[in-house]
């Protein structure tokens, strides 16, 4: 690592999150001797890159720092000799997410952009790109760390480590951060006085909590947060916090993450999502509007700090986590973080060579997970199925294998049966045609043999 | 074992299957030196016991055998010094199955009497009984073999072996027999020329097939049986044979069992079952009618052979398999059978101490499974989830634990979400009140706090 | 497979065992439609090949069979289109075994030609050759079965399957055959009335026995065969049957194999071997003399049957087992045999991808092991160490890695410490120089830097 | 835990180590609000308890602290309401260790008081006592932590956790501390700048080291510490640091601990130990002399600090580690320590429920090990064998089972064969008669049937 003159490259630099990232670096200016920040994006994202890039420059300047901020469409230039590469790109932009969510919902099925039908397609689009980035890195920056927070972060990180062979990859997510804060608040103690152990896979993990006196507080937190339904409901901020069934969570004996709602109360989540769909307010559509507003703000040449509005974007803390990760690696800070990393037996119920999301200190040689061991059986089975689904998605993405893709859709618990699996798969293939070169033959076949599929997609997308 | 003078006791002796069982014994009269057959049933089944029992006596007599056939309501008398105990009872009779299927279907959810909502309740009712039988066996016939074909055979067998500690339990199912015949027929070779390996859990197993020349024929059979959907459809006898999606099965690389339709094409099965429900022709209702007809036949004092109509009952080959099992144990015949037995690492993906359904010879000291090893990942995950669900059901059944029961319903892939899980659980608890002493407190609570649940169930059952 | 006109090639065809092999084929002439038998050997074995080959021809002729018996030094000609390839070669001939045993014994250490110091060197010499044979087979007979009975059979088979990738390899040993006969004799029942389960690795396996009534007889056999030491002693035929310590075997709860004496009563075996060494009667030397006598007999142009003297050679039943294996594969006989085959979880305590020696039927698609599961802990640890040693030996053999070789010697339980490990390793490297091309550099280094090592070996070998 | 007024009880309080323990508490007086220290010993240790106990009082007084120091022979009084219980007792005192070492050495076998013949007997004597202590703790101080540093620390800790069910047990050893210091010194960096991962079992672990820049330094340390033998030799302080064989350690790829010398260069260690034995200077004898001198010093009423001479006792840092452990638990300091704790999958090669010695932070709820995963195969096998030996020793100790004891001796790599195993076992049973109530029957049998065994032991002990 170039000690004393860091080069950090961010793929997908034109993202609306970039200001948070820059703010994170600035906060850590004493820890991180940054020399160059490279924001790289693709042609289609050029305008956004320029807007947000200029703002990044203003922020750096306002902080009185001499860091160089480079904006580029040339990925290889950005990667050359980089010390850290962070990835926050979205293949097909938000438009793709709209399709990921709306096509399934039009059939009464959850899209869910991380582990559902939408998430599987996001993986199909993203995995070939991340493997391509790694090919470049092997040549241009063979010692760099890859800090991935492109979703679905679990599958993308597994592809990078297991299939790309890039061991120095760490996958990041902001969900655990929220749960840490929530527990501290509920218990009325400072967060640092609690000891957390998270284990699972991205967007599908559970956690346990101990206090400074050595007492496990997990069950108490279950009672406080997920106790009798009426109570939960009275505290709901929005339907996304739909109440879990208390007795089930109590039996679980661990704290679920927010995304478990898609599995534990799938029916509630589906109902709500269908309502959103009907109102034209799927998450993707809402985010798109927020983004538009954000970029309007970013254009203001006087804005040289992260605007408060960004926090509504969702994904808050994400970039800050990435900065902390980089600082902890660079300085061997051993910050306790929840990271998507190689399993190696940390969770004994999952394959040795898969990627899991677990707690542990981030050292200068990477993440060192605390051992977790085995899950209680009802948690064990459900996560084993999710991991198998992920493995099948990754295989389908790499091989462009229609049978594997159909198999993944069939076993995904959010897809209600094989015939619907095929319908969604075919429609999403057609809809994302431009970003799925590995599936070109199957897409051509569908376009030829199933004109009704093409028509359906076209019609639906019009109504967006 | 009492060599030379066998006593065989059948719990649930009043079943319509009994004639097949008796026929099976008669077929093996040279292998099995039977002295006494005890058919035992409960008060509510007394009439059926007498009808079918008298017929059994006629069959034995017609075969020119001096076997004693005892009909009794005294289970302990039947168990006393028995060599083999076979179980084919149904707690709550067919009426209970009607509830298991119709309550879920009334909400648009599959009941599925083996691994679905209905199957979980069948387990709740049956497991305490099987553990009670084992308590009696410890005292009355400590060396006897327990041959279980009471459904859900996998969970009941696991409860018997792991929780009851009765190692000499073998669980039986007729599904593999059909698949063996099908493969032989498709390939046009005698069944005994093929080598089969089945692995999975009851009603959820896959198989591979090799021929006498050492060639694996699995993929070829997939093509022949599950090839392009149009072809499959043209061969369908009934909707239960609804076509799988060929590409998915091809990717699987193993032959599925018939019950996989509930998981791989759940949407198709659901559609069909809802139609049946609307017509008042759920499987339970159809079977009830068949049973009524069968018992009419059985009453005929001239009938002294198994009537052809029994084959339409479904479950054909079941009793014959039980007889072959008994003959193979008694004579160390080493017949290659598919049995629910202790895993002990046969399937490395499932817990060491669980029960699996696998191939191997039946010896005089029990079933010796061929090693199976690991599944390809998409099969691995789905069966791991099913096994975890089974373990949770068994725990709920033994402890009468509402939270565990709700958890099992929540993770069961045939139940579409936690809120529906709770609805079904509560309604089924109320509906099966008489047969669920372990859940008495929760049933009382529901009856008190949720009058609408009671009303719904009452109303629905009226319409039966 | 060429149905109806089999070609069988035997590498190491000049072995003194060949007559047993030919006898085995003749015994099975109705099962095996042999057309050609190819006996192949190397230049150094030419004379023996001709002697034993001519005798083989006489045996075939005497049996009235029209099989072609080919003698050749051209391995590729022999392999071309072969259906079965059996291997019984010995790199360096018996002379090499003499070194394997005498060098360690000269230091008071067991040589043990299968799993001890000698066995490790036999593996170093043999593994590169077997991998070379497989390379040829890929080209010349890609569908052939490889039936290995070259020692150390476990390590050679593991190298063939795991490193050579030749899945159609079966490893054979005659030790289990003897133990089966012994149990039947002791219990006074026909062998076929007993059910045996063997599990472990080559020359390091245990077994359990059940009778036709389903009763396990293992502990009873332990008492009969290994009961109080005085009794054992009174039955000893020779010191090789040195008594085990009864209480230890009883605690083990399984029947050991003969070779466990090297581990369980290593001190006794060592004492005896040192005595043999001093008298110039190590096993290798004795066998050499037997061989000389055998070949004298074989020269007799009137001898056209396997002479009784061959049975004293040791290794009896070996070739018969090989013939039965071939017949069982060819005819899908499903003969229950103990075979070195892929583990795949059969023994859960050992690596999934290693080779184990276990019971099961031999089908036309290969060996189907009965599942074994886990060992009791004192058996578990010792075999795990042996397997790790084997893996290290194989790695050293393939890579020609001195550090790995030294590591294997250090952890081998028959080598009493790291300094002796190095001494033996260096001396054996020098002694076997001609057959260890992979270690050429290290041998050159030793010859240069350690003249005393060279001198010691030279001197010792003179005294042979 | 009684926050603000700690009671700490030390079983074996009369040990010569006690001053280091007291010093450790005094050093941490600001972290540990101690109220009472109870030193408890048995009648036979009363004199030593008084000497060292008075000294402890002087030390506390000199530090200006108001802690109560209680000296007692009443274990129950000491345990009553204790917050921490530390164990440093030695059943049979040093006299027993003399027997553990001298009896094996008299036959030319290593005694090795931790994992060798001596260590197994130390376990036989100690395990029943620790289980008795736990019985008392259940009643008298159910929330206390048990900090064990009684050897063999691994087996004693496993017995406490797995068989005694005392989950709040932590086992301690000073060996890793020395290796940490050594690495820091060799690399010339502060110890806290390095990241260590230790894994294995007590006195049988390996470690890896990374620096602050994220570079693994393990291989470099191997080269520096264990490089070419001549170099190692030139740095030897004493024979206990006998050189490893560099190529073997290099192949291992991890840093061994000092005790691996008994396994990797057993021959060298044996030679040296026999020399010591002949000179009457076994480790036990040397320690006995040191102890005598120490207690002379301790008698000095003016001595109120830990004398420098204690450091020569060996076991230095031990008590300090115990104090740090207590402080880290009490204050949730999360000090990174190497602890004997439940495996739970941390080392995937060892049983899930065994005890391993691994790195991780000590929190207020116990030790949280970093995940380790799998070992390279030659390390895997050897430790699996050691763990199986440990399990067998523990079983023998609890059940007083002669067969299990003989089995453990037979598979222990430091015992050269089954016949020697029996000889040593019998002699040690007789020699330790007073402290092995569980083996009373077998001892009586030996005394009756094997007078020569008794005579040998008597004679040998005379010469001490």
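Letters A, B, C and D name the chains as they come in the text, with residue numbers starting at 1 for each one.
Keep this in mind: a residue touches a chain if its C-beta (ideal position, glycine included) is under 8 Å from a C-beta of that chain, and two chains touch if they have at least 3 such contacts.
According to UniProt, the chain labels map to these proteins: A, B, C, D = 6-phospho-beta-glucosidase.
No experiment lies behind these values; they were computed from the predicted model shown.
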Listed by label, which chains are in contact with chain B (6-phospho-beta-glucosidase) and with chain C (6-phospho-beta-glucosidase)?
none
Report the chain pair from C-D, B-C or A-B that duplicates the A-D interface, where duplication means over half of the contact pairs agree by residue number.
B-C
Measuring from the mean C-alpha position of chain A (6-phospho-beta-glucosidase) to the mean C-alpha position of chain C (6-phospho-beta-glucosidase), what distance in angstrom results?
55
Taking the mean of the CA coordinates per chain, how far is chain A (6-phospho-beta-glucosidase) from chain B (6-phospho-beta-glucosidase) in Å?
43
Which residues of chain B (6-phospho-beta-glucosidase) are in contact with two or more other chains?
none
Which chain pairs touch, all of them
A-B, A-D, B-C, C-D
The residues of chain A (6-phospho-beta-glucosidase) that touch chain D (6-phospho-beta-glucosidase) in their complex are 1, 3, 193, 195, 197, 210-216, 329, 332, 334, 344-346, 348, 352, 360, 363-366, 368-374
Touch list for chain B (6-phospho-beta-glucosidase) against partner chain A (6-phospho-beta-glucosidase), complex:
244-245, 247-248, 250-252, 264-270, 351, 377-382, 384-389, 391-392, 395, 401-404, 406-408, 410-411, 413, 416-422
